[in-house]
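First chain A sits with chain B, and in the next complex the same chain sits with chain C.
Moving on to the complex of A and B:
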(Lines of atoms letter the chains of each structure in order from A and count residues from 1; the text may use other names and numbers.)
(Lines give C-alpha, C1' and ligand atoms only; values in the text may rest on other atoms or scores of the structure.)
Protein backbone atom coordinates (compact mmCIF):
# COMPACT_ATOMS: atom_id res chain seq x y z
CA UNK A 1 0.00 0.00 0.00
CA UNK A 2 2.96 2.34 0.45
CA UNK A 3 3.51 4.49 -2.65
CA UNK A 4 7.02 5.89 -2.82
CA UNK A 5 8.29 5.86 -6.40
CA UNK A 6 7.63 7.90 -9.57
CA UNK A 7 3.88 7.20 -10.02
CA UNK A 8 2.93 10.49 -8.35
CA UNK A 9 -0.40 10.88 -10.10
CA UNK A 10 -1.97 7.85 -8.39
CA UNK A 11 -5.10 8.79 -6.49
CA UNK A 12 -4.21 7.15 -3.19
CA UNK A 13 -2.03 9.72 -1.49
CA UNK A 14 -0.60 8.99 1.93
CA UNK A 15 -0.53 12.35 3.61
CA UNK A 16 1.24 13.17 6.84
CA UNK A 17 -2.13 13.18 8.55
CA UNK A 18 -2.45 9.47 7.73
CA UNK A 19 0.77 8.64 9.58
CA UNK A 20 -0.20 10.81 12.54
CA UNK A 21 -3.54 9.03 12.80
CA UNK A 22 -1.93 5.61 12.48
CA UNK A 23 0.45 6.40 15.37
CA UNK A 24 -2.59 6.56 17.64
CA UNK A 25 -4.62 3.79 16.03
CA UNK A 26 -1.81 1.25 16.29
CA UNK A 27 -2.30 1.21 20.06
CA UNK A 28 -6.05 0.71 19.68
CA UNK A 29 -6.05 -2.25 17.33
CA UNK A 30 -6.99 -4.82 19.96
CA UNK A 31 -9.89 -2.81 21.39
CA UNK A 32 -13.54 -3.74 21.08
CA UNK A 33 -16.08 -1.91 18.96
CA UNK A 34 -15.64 1.29 16.95
CA UNK A 35 -12.80 2.56 19.07
CA UNK A 36 -10.37 0.32 17.20
CA UNK A 37 -11.24 1.99 13.87
CA UNK A 38 -12.49 5.55 14.40
CA UNK A 39 -9.84 8.10 15.35
CA UNK A 40 -12.06 10.36 17.45
CA UNK A 41 -13.14 7.51 19.71
CA UNK A 42 -9.74 5.88 19.65
CA UNK A 43 -7.91 8.94 20.95
CA UNK A 44 -9.93 8.97 24.16
CA UNK A 45 -9.66 5.20 24.64
CA UNK A 46 -5.91 5.10 24.01
CA UNK A 47 -5.29 7.93 26.46
CA UNK A 48 -7.34 6.18 29.16
CA UNK A 49 -5.55 2.91 28.44
CA UNK A 50 -2.15 4.56 28.94
CA UNK A 51 -3.25 6.26 32.16
CA UNK A 52 -4.59 2.98 33.49
CA UNK A 53 -1.42 1.12 32.58
CA UNK A 54 0.69 3.71 34.43
CA UNK A 55 -1.43 3.46 37.54
CA UNK A 56 -1.57 -0.32 37.34
CA UNK A 57 2.19 -0.63 37.75
CA UNK A 58 1.75 0.06 41.47
CA UNK A 59 -1.13 -2.40 41.70
CA UNK A 60 0.89 -5.08 39.91
CA UNK A 61 3.33 -5.28 42.80
CA UNK A 62 0.49 -5.77 45.29
CA UNK A 63 -1.21 -8.30 43.06
CA UNK A 64 1.91 -10.40 42.54
CA UNK A 65 2.69 -10.40 46.24
CA UNK A 66 -0.83 -11.64 47.00
CA UNK A 67 -0.40 -14.35 44.36
CA UNK A 68 2.88 -15.52 45.90
CA UNK A 69 1.33 -15.59 49.36
CA UNK A 70 -1.57 -17.70 48.10
CA UNK A 71 0.82 -20.17 46.51
CA UNK A 72 3.07 -20.43 49.57
CA UNK A 73 0.01 -20.91 51.75
CA UNK A 74 -1.22 -23.76 49.55
CA UNK A 75 2.20 -25.41 49.49
CA UNK A 76 2.77 -25.14 53.23
CA UNK A 77 -0.71 -26.50 53.98
CA UNK A 78 0.28 -29.59 51.99
CA UNK A 79 3.06 -30.07 54.52
CA UNK A 80 0.79 -29.39 57.48
CA UNK A 81 1.79 -25.80 58.30
CA UNK A 82 -0.23 -22.63 58.09
CA UNK A 83 1.19 -19.62 56.27
CA UNK A 84 1.75 -17.28 59.31
CA UNK A 85 3.50 -20.09 61.21
CA UNK A 86 5.66 -20.95 58.19
CA UNK A 87 6.78 -17.40 57.47
CA UNK A 88 7.36 -16.36 61.08
CA UNK A 89 9.38 -19.47 61.90
CA UNK A 90 11.48 -19.08 58.75
CA UNK A 91 12.26 -15.51 59.75
CA UNK A 92 13.15 -16.60 63.26
CA UNK A 93 15.55 -19.20 61.86
CA UNK A 94 17.27 -16.42 59.91
CA UNK A 95 16.21 -17.76 56.50
CA UNK A 96 15.74 -14.49 54.61
CA UNK A 97 13.95 -15.78 51.51
CA UNK A 98 11.36 -13.49 49.98
CA UNK A 99 7.92 -14.60 48.90
CA UNK A 100 8.75 -14.62 45.21
CA UNK A 101 11.59 -17.09 45.69
CA UNK A 102 9.54 -19.22 48.09
CA UNK A 103 6.72 -19.44 45.55
CA UNK A 104 9.15 -20.45 42.80
CA UNK A 105 10.71 -23.08 45.05
CA UNK A 106 7.28 -24.44 45.90
CA UNK A 107 6.51 -24.89 42.21
CA UNK A 108 9.81 -26.02 40.74
CA UNK A 109 11.68 -27.47 43.72
CA UNK A 110 9.12 -29.31 45.88
CA UNK A 111 11.69 -31.25 47.91
CA UNK A 112 13.53 -28.07 48.92
CA UNK A 113 10.24 -26.56 49.96
CA UNK A 114 9.46 -29.65 52.01
CA UNK A 115 12.76 -29.29 53.86
CA UNK A 116 12.02 -25.59 54.50
CA UNK A 117 8.63 -26.54 55.89
CA UNK A 118 10.29 -29.12 58.14
CA UNK A 119 12.76 -26.48 59.35
CA UNK A 120 9.94 -24.10 60.16
CA UNK A 121 8.06 -26.86 62.00
CA UNK A 122 11.12 -27.76 64.06
CA UNK A 123 11.76 -24.13 64.98
CA UNK A 124 8.10 -23.84 65.95
CA UNK A 125 8.38 -26.81 68.33
CA UNK A 126 11.53 -25.38 69.88
CA UNK A 127 9.74 -22.08 70.32
CA UNK A 128 6.92 -23.82 72.16
CA UNK A 129 9.38 -25.67 74.40
CA UNK A 130 11.22 -22.48 75.22
CA UNK A 131 8.00 -20.67 76.04
CA UNK A 132 6.27 -23.44 78.00
CA UNK A 133 9.20 -25.44 79.42
CA UNK A 134 10.73 -22.47 81.30
CA UNK A 135 14.35 -22.96 82.04
CA UNK A 136 15.64 -26.43 82.79
CA UNK A 137 15.77 -27.83 79.21
CA UNK A 138 18.70 -26.84 76.96
CA UNK A 139 18.08 -24.27 74.26
CA UNK A 140 16.94 -25.54 70.90
CA UNK A 141 19.54 -26.12 68.20
CA UNK A 142 17.66 -24.32 65.43
CA UNK A 143 16.87 -21.35 67.68
CA UNK A 144 20.51 -20.25 67.75
CA UNK A 145 21.16 -16.95 66.06
CA UNK A 146 24.25 -16.41 63.91
CA UNK A 147 25.67 -12.88 64.17
CA UNK A 148 27.30 -11.55 61.01
CA UNK A 149 29.46 -8.57 61.93
CA UNK B 1 36.83 -10.53 22.94
CA UNK B 2 34.25 -7.92 21.99
CA UNK B 3 32.59 -8.40 18.57
CA UNK B 4 30.81 -5.30 17.34
CA UNK B 5 27.27 -6.16 16.29
CA UNK B 6 27.02 -3.41 13.71
CA UNK B 7 27.96 -4.67 10.26
CA UNK B 8 27.59 -1.70 7.96
CA UNK B 9 26.32 1.88 7.97
CA UNK B 10 24.84 3.21 4.75
CA UNK B 11 24.56 6.98 4.39
CA UNK B 12 21.91 7.65 1.72
CA UNK B 13 21.50 11.32 0.88
CA UNK B 14 21.13 13.69 -2.05
CA UNK B 15 23.98 16.16 -2.85
CA UNK B 16 21.54 18.94 -3.76
CA UNK B 17 18.70 18.69 -1.23
CA UNK B 18 18.60 21.35 1.47
CA UNK B 19 17.86 19.06 4.41
CA UNK B 20 20.88 16.86 3.60
CA UNK B 21 23.30 19.68 4.51
CA UNK B 22 24.25 18.03 7.80
CA UNK B 23 24.85 14.75 5.99
CA UNK B 24 27.14 16.47 3.46
CA UNK B 25 29.09 18.19 6.25
CA UNK B 26 29.39 14.90 8.08
CA UNK B 27 30.81 13.26 4.95
CA UNK B 28 33.29 16.09 4.42
CA UNK B 29 34.52 16.42 8.00
CA UNK B 30 33.71 13.64 10.40
CA UNK B 31 33.14 10.51 8.32
CA UNK B 32 36.83 9.60 8.03
CA UNK B 33 37.45 10.04 11.77
CA UNK B 34 34.37 7.94 12.54
CA UNK B 35 35.52 5.21 10.17
CA UNK B 36 38.98 5.21 11.74
CA UNK B 37 37.61 5.01 15.27
CA UNK B 38 35.34 2.07 14.37
CA UNK B 39 37.50 -0.17 12.19
CA UNK B 40 35.10 -3.12 12.23
CA UNK B 41 32.16 -1.14 10.82
CA UNK B 42 31.95 -0.60 7.05
CA UNK B 43 30.73 2.88 6.15
CA UNK B 44 29.08 3.27 2.72
CA UNK B 45 28.40 6.76 1.41
CA UNK B 46 25.93 6.69 -1.49
CA UNK B 47 24.70 10.02 -2.80
CA UNK B 48 21.78 9.73 -5.21
CA UNK B 49 21.43 12.67 -7.56
CA UNK B 50 18.22 14.63 -8.04
CA UNK B 51 15.22 14.98 -5.70
CA UNK B 52 14.45 11.72 -3.94
CA UNK B 53 13.60 10.27 -0.52
CA UNK B 54 14.72 11.94 2.67
CA UNK B 55 18.34 11.50 3.82
CA UNK B 56 18.64 8.39 5.92
CA UNK B 57 21.31 6.55 7.89
CA UNK B 58 20.77 2.80 7.53
CA UNK B 59 22.40 0.44 10.05
CA UNK B 60 22.61 -3.32 9.39
CA UNK B 61 23.45 -5.68 12.22
CA UNK B 62 24.91 -9.17 12.41
CA UNK B 63 21.57 -10.76 13.24
CA UNK B 64 19.95 -9.23 10.15
CA UNK B 65 17.99 -6.31 11.60
CA UNK B 66 18.08 -3.14 9.51
CA UNK B 67 17.48 0.11 11.33
CA UNK B 68 16.90 3.38 9.45
CA UNK B 69 17.24 6.76 11.11
CA UNK B 70 16.27 10.03 9.43
CA UNK B 71 19.10 12.58 9.35
CA UNK B 72 17.17 15.36 7.61
CA UNK B 73 17.96 18.79 9.07
CA UNK B 74 20.48 17.47 11.58
CA UNK B 75 23.89 18.96 12.24
CA UNK B 76 27.09 17.06 11.67
CA UNK B 77 27.68 16.57 15.43
CA UNK B 78 24.22 15.11 15.88
CA UNK B 79 24.86 12.66 13.05
CA UNK B 80 28.12 11.62 14.70
CA UNK B 81 26.30 11.01 17.98
CA UNK B 82 23.60 9.04 16.18
CA UNK B 83 26.19 6.94 14.38
CA UNK B 84 28.04 6.12 17.63
CA UNK B 85 24.76 5.21 19.29
CA UNK B 86 23.94 2.81 16.45
CA UNK B 87 27.45 1.40 16.57
CA UNK B 88 27.16 0.57 20.27
CA UNK B 89 23.78 -1.15 19.90
CA UNK B 90 23.14 -4.76 19.12
CA UNK B 91 20.56 -5.73 16.53
CA UNK B 92 17.93 -6.95 19.01
CA UNK B 93 14.51 -5.27 18.66
CA UNK B 94 13.89 -2.41 21.01
CA UNK B 95 10.81 -3.62 22.82
CA UNK B 96 9.98 -4.14 26.46
CA UNK B 97 11.72 -7.24 27.83
CA UNK B 98 9.15 -9.09 29.85
CA UNK B 99 11.59 -10.84 32.17
CA UNK B 100 15.31 -10.18 32.61
CA UNK B 101 15.92 -13.90 33.07
CA UNK B 102 15.22 -17.06 31.12
CA UNK B 103 15.88 -20.76 31.77
CA UNK B 104 15.41 -23.79 29.59
CA UNK B 105 15.44 -26.09 32.64
CA UNK B 106 13.51 -24.28 35.39
CA UNK B 107 13.06 -27.36 37.54
CA UNK B 108 15.88 -29.50 38.92
CA UNK B 109 13.90 -31.67 41.34
CA UNK B 110 10.90 -32.12 39.09
CA UNK B 111 8.04 -29.65 38.75
CA UNK B 112 5.23 -29.87 41.28
CA UNK B 113 2.13 -31.79 40.20
CA UNK B 114 -0.87 -32.63 42.39
CA UNK B 115 0.55 -36.03 43.28
CA UNK B 116 4.03 -34.95 44.47
CA UNK B 117 3.20 -34.72 48.14
CA UNK B 118 0.66 -37.50 48.31
CA UNK B 119 1.48 -41.07 49.45
CA UNK B 120 2.65 -43.12 46.51
CA UNK B 121 -0.16 -45.69 46.96
CA UNK B 122 -2.37 -43.21 45.05
CA UNK B 123 -0.30 -43.42 41.88
CA UNK B 124 -0.79 -47.16 41.50
CA UNK B 125 -3.80 -48.01 39.44
CA UNK B 126 -5.06 -51.18 37.85
CA UNK B 127 -6.27 -54.62 38.84
CA UNK B 128 -3.16 -55.36 40.92
CA UNK B 129 -4.35 -53.02 43.71
CA UNK B 130 -6.35 -55.50 45.75
CA UNK B 131 -6.84 -55.44 49.53
CA UNK B 132 -4.76 -58.40 50.75
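Moving on to the complex of A and C:
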Protein backbone atom coordinates (compact mmCIF):
# COMPACT_ATOMS: atom_id res chain seq x y z
CA UNK A 1 0.00 0.00 0.00
CA UNK A 2 1.22 3.56 -0.64
CA UNK A 3 1.73 5.76 2.44
CA UNK A 4 1.70 9.44 1.55
CA UNK A 5 2.22 10.96 5.01
CA UNK A 6 4.56 9.85 7.81
CA UNK A 7 3.07 7.91 10.64
CA UNK A 8 2.14 10.08 13.60
CA UNK A 9 3.84 8.02 16.33
CA UNK A 10 7.33 8.50 14.74
CA UNK A 11 9.02 11.61 16.14
CA UNK A 12 12.31 12.94 14.75
CA UNK A 13 15.11 13.02 17.32
CA UNK A 14 18.20 15.22 17.22
CA UNK A 15 21.09 12.78 16.73
CA UNK A 16 24.02 15.04 15.88
CA UNK A 17 23.84 17.47 18.80
CA UNK A 18 27.46 16.61 19.69
CA UNK A 19 28.81 17.76 16.36
CA UNK A 20 26.75 20.95 16.33
CA UNK A 21 28.14 21.84 19.74
CA UNK A 22 31.70 20.98 18.71
CA UNK A 23 31.42 23.33 15.73
CA UNK A 24 31.11 26.22 18.14
CA UNK A 25 33.46 24.95 20.86
CA UNK A 26 36.31 24.41 18.41
CA UNK A 27 36.57 28.20 18.04
CA UNK A 28 36.61 28.66 21.81
CA UNK A 29 39.28 26.14 22.78
CA UNK A 30 41.95 28.79 23.39
CA UNK A 31 39.75 31.01 25.58
CA UNK A 32 40.21 31.49 29.29
CA UNK A 33 37.93 30.08 31.98
CA UNK A 34 34.70 28.17 31.58
CA UNK A 35 33.91 29.66 28.21
CA UNK A 36 36.28 27.16 26.58
CA UNK A 37 34.26 24.19 27.93
CA UNK A 38 30.63 25.15 28.51
CA UNK A 39 28.51 25.63 25.40
CA UNK A 40 26.18 28.30 26.77
CA UNK A 41 29.06 30.60 27.74
CA UNK A 42 31.08 29.69 24.66
CA UNK A 43 28.35 30.67 22.20
CA UNK A 44 28.33 34.22 23.51
CA UNK A 45 32.10 34.53 23.57
CA UNK A 46 32.54 33.07 20.10
CA UNK A 47 29.91 35.38 18.67
CA UNK A 48 31.65 38.44 20.18
CA UNK A 49 35.00 37.16 18.92
CA UNK A 50 33.72 36.87 15.33
CA UNK A 51 32.12 40.32 15.39
CA UNK A 52 35.28 41.84 16.83
CA UNK A 53 37.44 40.19 14.20
CA UNK A 54 35.28 41.55 11.37
CA UNK A 55 35.49 45.06 12.77
CA UNK A 56 39.21 44.71 13.42
CA UNK A 57 39.85 43.78 9.81
CA UNK A 58 38.64 47.25 8.79
CA UNK A 59 40.58 49.03 11.53
CA UNK A 60 43.81 47.15 10.85
CA UNK A 61 44.21 49.18 7.68
CA UNK A 62 43.99 52.40 9.69
CA UNK A 63 46.49 51.17 12.30
CA UNK A 64 49.01 50.08 9.73
CA UNK A 65 48.84 53.39 7.89
CA UNK A 66 49.41 55.29 11.15
CA UNK A 67 52.37 53.02 11.92
CA UNK A 68 53.90 53.64 8.51
CA UNK A 69 53.46 57.38 8.92
CA UNK A 70 55.17 57.29 12.33
CA UNK A 71 58.10 55.37 10.91
CA UNK A 72 58.49 57.66 7.90
CA UNK A 73 58.33 60.67 10.20
CA UNK A 74 61.09 59.26 12.41
CA UNK A 75 63.29 58.44 9.43
CA UNK A 76 62.82 61.82 7.76
CA UNK A 77 63.56 63.63 11.04
CA UNK A 78 66.88 61.78 11.11
CA UNK A 79 67.63 63.48 7.79
CA UNK A 80 66.41 66.89 8.96
CA UNK A 81 62.99 67.00 7.31
CA UNK A 82 59.54 66.94 8.83
CA UNK A 83 56.95 64.44 7.59
CA UNK A 84 54.55 66.89 5.84
CA UNK A 85 57.45 68.59 4.06
CA UNK A 86 58.87 65.21 2.99
CA UNK A 87 55.62 63.78 1.64
CA UNK A 88 54.39 66.94 -0.05
CA UNK A 89 57.71 67.56 -1.79
CA UNK A 90 57.94 63.94 -2.93
CA UNK A 91 54.47 64.19 -4.43
CA UNK A 92 55.35 67.46 -6.13
CA UNK A 93 58.41 65.79 -7.67
CA UNK A 94 56.10 63.17 -9.19
CA UNK A 95 57.42 60.28 -7.07
CA UNK A 96 54.37 58.16 -6.32
CA UNK A 97 55.62 55.81 -3.61
CA UNK A 98 53.07 54.90 -0.97
CA UNK A 99 53.66 54.97 2.75
CA UNK A 100 54.06 51.23 3.12
CA UNK A 101 56.95 51.14 0.64
CA UNK A 102 58.51 54.31 2.08
CA UNK A 103 58.49 52.75 5.56
CA UNK A 104 60.09 49.56 4.19
CA UNK A 105 62.77 51.58 2.39
CA UNK A 106 63.44 53.58 5.55
CA UNK A 107 64.06 50.33 7.46
CA UNK A 108 65.90 48.21 4.91
CA UNK A 109 67.42 50.68 2.41
CA UNK A 110 68.75 53.66 4.37
CA UNK A 111 70.82 55.02 1.49
CA UNK A 112 67.82 55.09 -0.82
CA UNK A 113 65.77 56.85 1.83
CA UNK A 114 68.54 59.41 2.28
CA UNK A 115 68.49 60.15 -1.43
CA UNK A 116 64.70 60.55 -1.35
CA UNK A 117 65.02 62.95 1.59
CA UNK A 118 67.64 64.96 -0.31
CA UNK A 119 65.31 65.10 -3.33
CA UNK A 120 62.46 66.36 -1.17
CA UNK A 121 64.72 68.97 0.47
CA UNK A 122 65.90 70.28 -2.88
CA UNK A 123 62.38 70.47 -4.25
CA UNK A 124 61.35 72.34 -1.09
CA UNK A 125 64.09 74.92 -1.57
CA UNK A 126 63.14 75.40 -5.21
CA UNK A 127 59.56 75.88 -4.11
CA UNK A 128 60.62 78.58 -1.64
CA UNK A 129 62.63 80.39 -4.29
CA UNK A 130 59.80 80.22 -6.77
CA UNK A 131 57.37 81.62 -4.22
CA UNK A 132 59.63 84.35 -2.80
CA UNK A 133 61.54 85.42 -5.92
CA UNK A 134 58.40 85.50 -8.10
CA UNK A 135 60.29 87.03 -10.96
CA UNK A 136 62.09 86.23 -14.14
CA UNK A 137 64.45 83.75 -12.45
CA UNK A 138 64.70 80.37 -14.18
CA UNK A 139 62.61 77.55 -12.72
CA UNK A 140 64.32 74.96 -10.58
CA UNK A 141 65.56 71.77 -12.19
CA UNK A 142 63.76 69.39 -9.89
CA UNK A 143 60.46 71.28 -10.21
CA UNK A 144 60.11 70.39 -13.88
CA UNK A 145 57.17 68.16 -14.58
CA UNK A 146 57.79 65.04 -16.67
CA UNK A 147 55.13 64.48 -19.33
CA UNK A 148 54.47 60.87 -20.34
CA UNK A 149 52.56 60.05 -23.51
CA UNK B 1 71.61 98.08 6.34
CA UNK B 2 72.32 97.44 10.00
CA UNK B 3 71.55 93.92 11.13
CA UNK B 4 68.49 94.09 13.40
CA UNK B 5 65.84 91.54 14.20
CA UNK B 6 63.65 92.83 11.35
CA UNK B 7 66.26 93.73 8.73
CA UNK B 8 66.23 90.27 7.12
CA UNK B 9 63.35 87.82 6.81
CA UNK B 10 62.99 85.32 9.67
CA UNK B 11 63.32 82.27 7.41
CA UNK B 12 66.81 81.04 6.49
CA UNK B 13 68.34 82.31 3.25
CA UNK B 14 68.12 79.59 0.57
CA UNK B 15 70.73 79.52 -2.20
CA UNK B 16 70.66 77.00 -5.02
CA UNK B 17 73.94 75.86 -6.59
CA UNK B 18 75.08 77.29 -9.93
CA UNK B 19 73.00 75.76 -12.78
CA UNK B 20 75.93 75.31 -15.18
CA UNK B 21 78.04 73.51 -12.62
CA UNK B 22 74.99 71.52 -11.58
CA UNK B 23 74.40 70.38 -15.16
CA UNK B 24 78.04 69.24 -15.43
CA UNK B 25 77.74 67.39 -12.12
CA UNK B 26 74.49 65.72 -13.20
CA UNK B 27 76.01 64.58 -16.51
CA UNK B 28 79.03 63.16 -14.67
CA UNK B 29 76.80 61.26 -12.25
CA UNK B 30 74.72 59.84 -15.12
CA UNK B 31 77.87 58.73 -16.94
CA UNK B 32 79.25 57.05 -13.81
CA UNK B 33 76.00 55.20 -13.12
CA UNK B 34 75.76 54.12 -16.77
CA UNK B 35 79.32 52.82 -16.52
CA UNK B 36 78.51 50.88 -13.36
CA UNK B 37 75.42 49.33 -14.90
CA UNK B 38 77.12 48.34 -18.15
CA UNK B 39 80.12 46.94 -16.29
CA UNK B 40 77.80 44.98 -14.01
CA UNK B 41 79.22 46.34 -10.73
CA UNK B 42 76.07 45.84 -8.72
CA UNK B 43 75.05 43.10 -6.33
CA UNK B 44 71.44 42.32 -5.58
CA UNK B 45 68.89 44.63 -7.20
CA UNK B 46 65.65 45.57 -5.48
CA UNK B 47 62.67 47.17 -7.19
CA UNK B 48 59.41 48.81 -6.17
CA UNK B 49 56.68 47.56 -8.48
CA UNK B 50 53.03 48.62 -8.76
CA UNK B 51 51.03 45.42 -9.27
CA UNK B 52 47.44 44.41 -8.46
CA UNK B 53 46.75 47.96 -7.22
CA UNK B 54 49.43 47.60 -4.54
CA UNK B 55 53.08 48.60 -4.37
CA UNK B 56 55.57 45.89 -3.53
CA UNK B 57 59.26 46.12 -2.65
CA UNK B 58 60.74 43.05 -4.30
CA UNK B 59 64.09 41.36 -4.99
CA UNK B 60 64.89 38.28 -7.01
CA UNK B 61 63.84 34.88 -5.58
CA UNK B 62 60.99 36.64 -3.75
CA UNK B 63 57.54 35.20 -3.08
CA UNK B 64 54.53 37.48 -3.43
CA UNK B 65 50.94 36.63 -2.55
CA UNK B 66 48.05 38.68 -3.88
CA UNK B 67 44.46 38.54 -2.81
CA UNK B 68 42.90 38.19 -6.26
CA UNK B 69 42.74 36.08 -9.39
CA UNK B 70 45.27 36.42 -12.19
CA UNK B 71 44.27 35.28 -15.68
CA UNK B 72 47.42 33.25 -16.19
CA UNK B 73 48.01 29.55 -15.74
CA UNK B 74 50.42 28.14 -13.16
CA UNK B 75 53.92 28.24 -14.59
CA UNK B 76 53.38 31.25 -16.86
CA UNK B 77 56.13 33.86 -16.96
CA UNK B 78 54.91 37.39 -16.36
CA UNK B 79 56.68 40.68 -16.97
CA UNK B 80 55.76 43.47 -14.55
CA UNK B 81 55.79 46.79 -16.33
CA UNK B 82 54.98 49.47 -13.76
CA UNK B 83 58.32 49.85 -11.98
CA UNK B 84 58.58 52.86 -9.67
CA UNK B 85 62.09 52.49 -8.27
CA UNK B 86 65.11 50.29 -8.85
CA UNK B 87 68.13 50.22 -6.59
CA UNK B 88 71.35 48.47 -5.77
CA UNK B 89 73.97 49.13 -3.14
CA UNK B 90 75.62 52.16 -4.78
CA UNK B 91 72.90 53.74 -6.88
CA UNK B 92 69.11 54.08 -7.10
CA UNK B 93 67.00 54.93 -10.11
CA UNK B 94 63.86 56.80 -9.06
CA UNK B 95 61.05 56.97 -11.57
CA UNK B 96 58.82 60.01 -11.98
CA UNK B 97 56.48 58.27 -11.50
CA UNK B 98 57.42 55.21 -13.59
CA UNK B 99 60.70 54.01 -15.07
CA UNK B 100 60.99 53.25 -18.76
CA UNK B 101 60.31 49.74 -20.02
CA UNK B 102 63.62 49.78 -21.90
CA UNK B 103 65.45 50.44 -18.62
CA UNK B 104 64.18 47.74 -16.22
CA UNK B 105 62.82 44.24 -16.71
CA UNK B 106 61.09 42.36 -13.88
CA UNK B 107 60.09 38.76 -14.55
CA UNK B 108 57.89 36.58 -12.36
CA UNK B 109 56.29 33.13 -12.54
CA UNK B 110 52.86 32.12 -11.27
CA UNK B 111 53.40 29.36 -8.72
CA UNK B 112 50.04 28.57 -7.20
CA UNK B 113 46.45 29.73 -7.22
CA UNK B 114 44.58 28.83 -4.05
CA UNK B 115 41.92 30.16 -1.75
CA UNK B 116 42.62 31.89 1.53
CA UNK B 117 41.73 30.36 4.88
CA UNK B 118 37.98 30.62 5.56
CA UNK B 119 37.45 33.98 7.23
CA UNK B 120 34.30 34.50 9.28
CA UNK B 121 32.24 37.65 8.68
CA UNK B 122 29.71 38.12 11.46
CA UNK B 123 27.29 40.92 12.28
CA UNK B 124 25.35 41.01 15.53
CA UNK B 125 23.06 43.62 17.08
CA UNK B 126 22.29 42.96 20.71
CA UNK B 127 18.72 42.84 21.92
CA UNK B 128 17.43 42.90 18.31
CA UNK B 129 17.65 39.21 17.47
CA UNK B 130 19.85 39.99 14.46
CA UNK B 131 22.90 37.99 13.59
CA UNK B 132 24.39 37.06 10.22
CA UNK B 133 27.35 34.78 9.69
CA UNK B 134 29.18 34.46 6.38
CA UNK B 135 32.33 32.48 5.58
CA UNK B 136 34.56 34.06 2.94
CA UNK B 137 37.48 32.38 1.16
CA UNK B 138 39.24 34.82 -1.18
CA UNK B 139 41.12 33.48 -4.18
CA UNK B 140 44.87 34.06 -3.86
CA UNK B 141 47.78 33.88 -6.29
CA UNK B 142 51.41 33.27 -5.39
CA UNK B 143 54.13 34.65 -7.65
CA UNK B 144 57.87 34.07 -7.52
CA UNK B 145 60.02 36.96 -8.79
CA UNK B 146 62.66 35.38 -11.00
CA UNK B 147 64.89 38.24 -12.12
CA UNK B 148 65.27 42.00 -12.10
CA UNK B 149 67.49 43.34 -14.89
CA UNK B 150 68.60 46.85 -15.77
CA UNK B 151 70.03 48.06 -19.06
CA UNK B 152 72.49 50.95 -19.40
CA UNK B 153 70.35 53.39 -21.37
CA UNK B 154 70.30 56.44 -19.10
CA UNK B 155 70.51 59.95 -20.50
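We adopt the following convention: the second predicted complex is superposed on the first by the 132 of 149 C-alpha atoms of A that agree within 3 Å, B and C clash if a C-alpha of one lies under 4 Å from a C-alpha of the other, contacts with A are read in each partner's own complex, and residues count from 1 in each chain.
Quick note on the criterion: a residue touches a chain if its C-beta (ideal position, glycine included) is under 8 Å from a C-beta of that chain, and two chains touch if they have at least 3 such contacts.
Quick caveat, the model's predicted, so the values are computed rather than measured.
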item: Partner chain(s) touched by A:53 [first = chain B, second = chain C, both, neither]; value: second
item: Which superposed partner A:96 touches (first chain B, second chain C, both, neither); value: second
item: Touching partner for A:78 - first (chain B), second (chain C), both, neither; value: first
item: Dominant toucher of chain A (residue count), chain B or chain C; value: C
item: Partner chain in contact with A:126 - chain B first, chain C second, else both or neither; value: second
item: Contacts of A:106 with chain B and chain C, given as first, second, both or neither; value: first
item: On chain A, positions contacted by chain B and by chain C; value: 108-109, 111-112
item: Interfacial residue positions of chain A with respect to chain C in the complex; value: 47-48, 50-51, 53-54, 57, 93-98, 100-101, 104-105, 108-109, 111-112, 115-116, 119, 125-126, 128-129, 138, 140-141, 146, 148
item: Chain B to chain A touching residues, read off their complex; value: 53, 106-112, 116-117
item: Of chain A, residues touching chain B in the complex; value: 4, 75, 78-79, 106-112, 114
item: Residues on chain C engaged by chain A in the complex (per definition of touch); value: 11, 14, 16, 19, 22, 26, 46, 48, 55-57, 84-85, 87, 89, 92, 94-98, 119-124, 131, 133
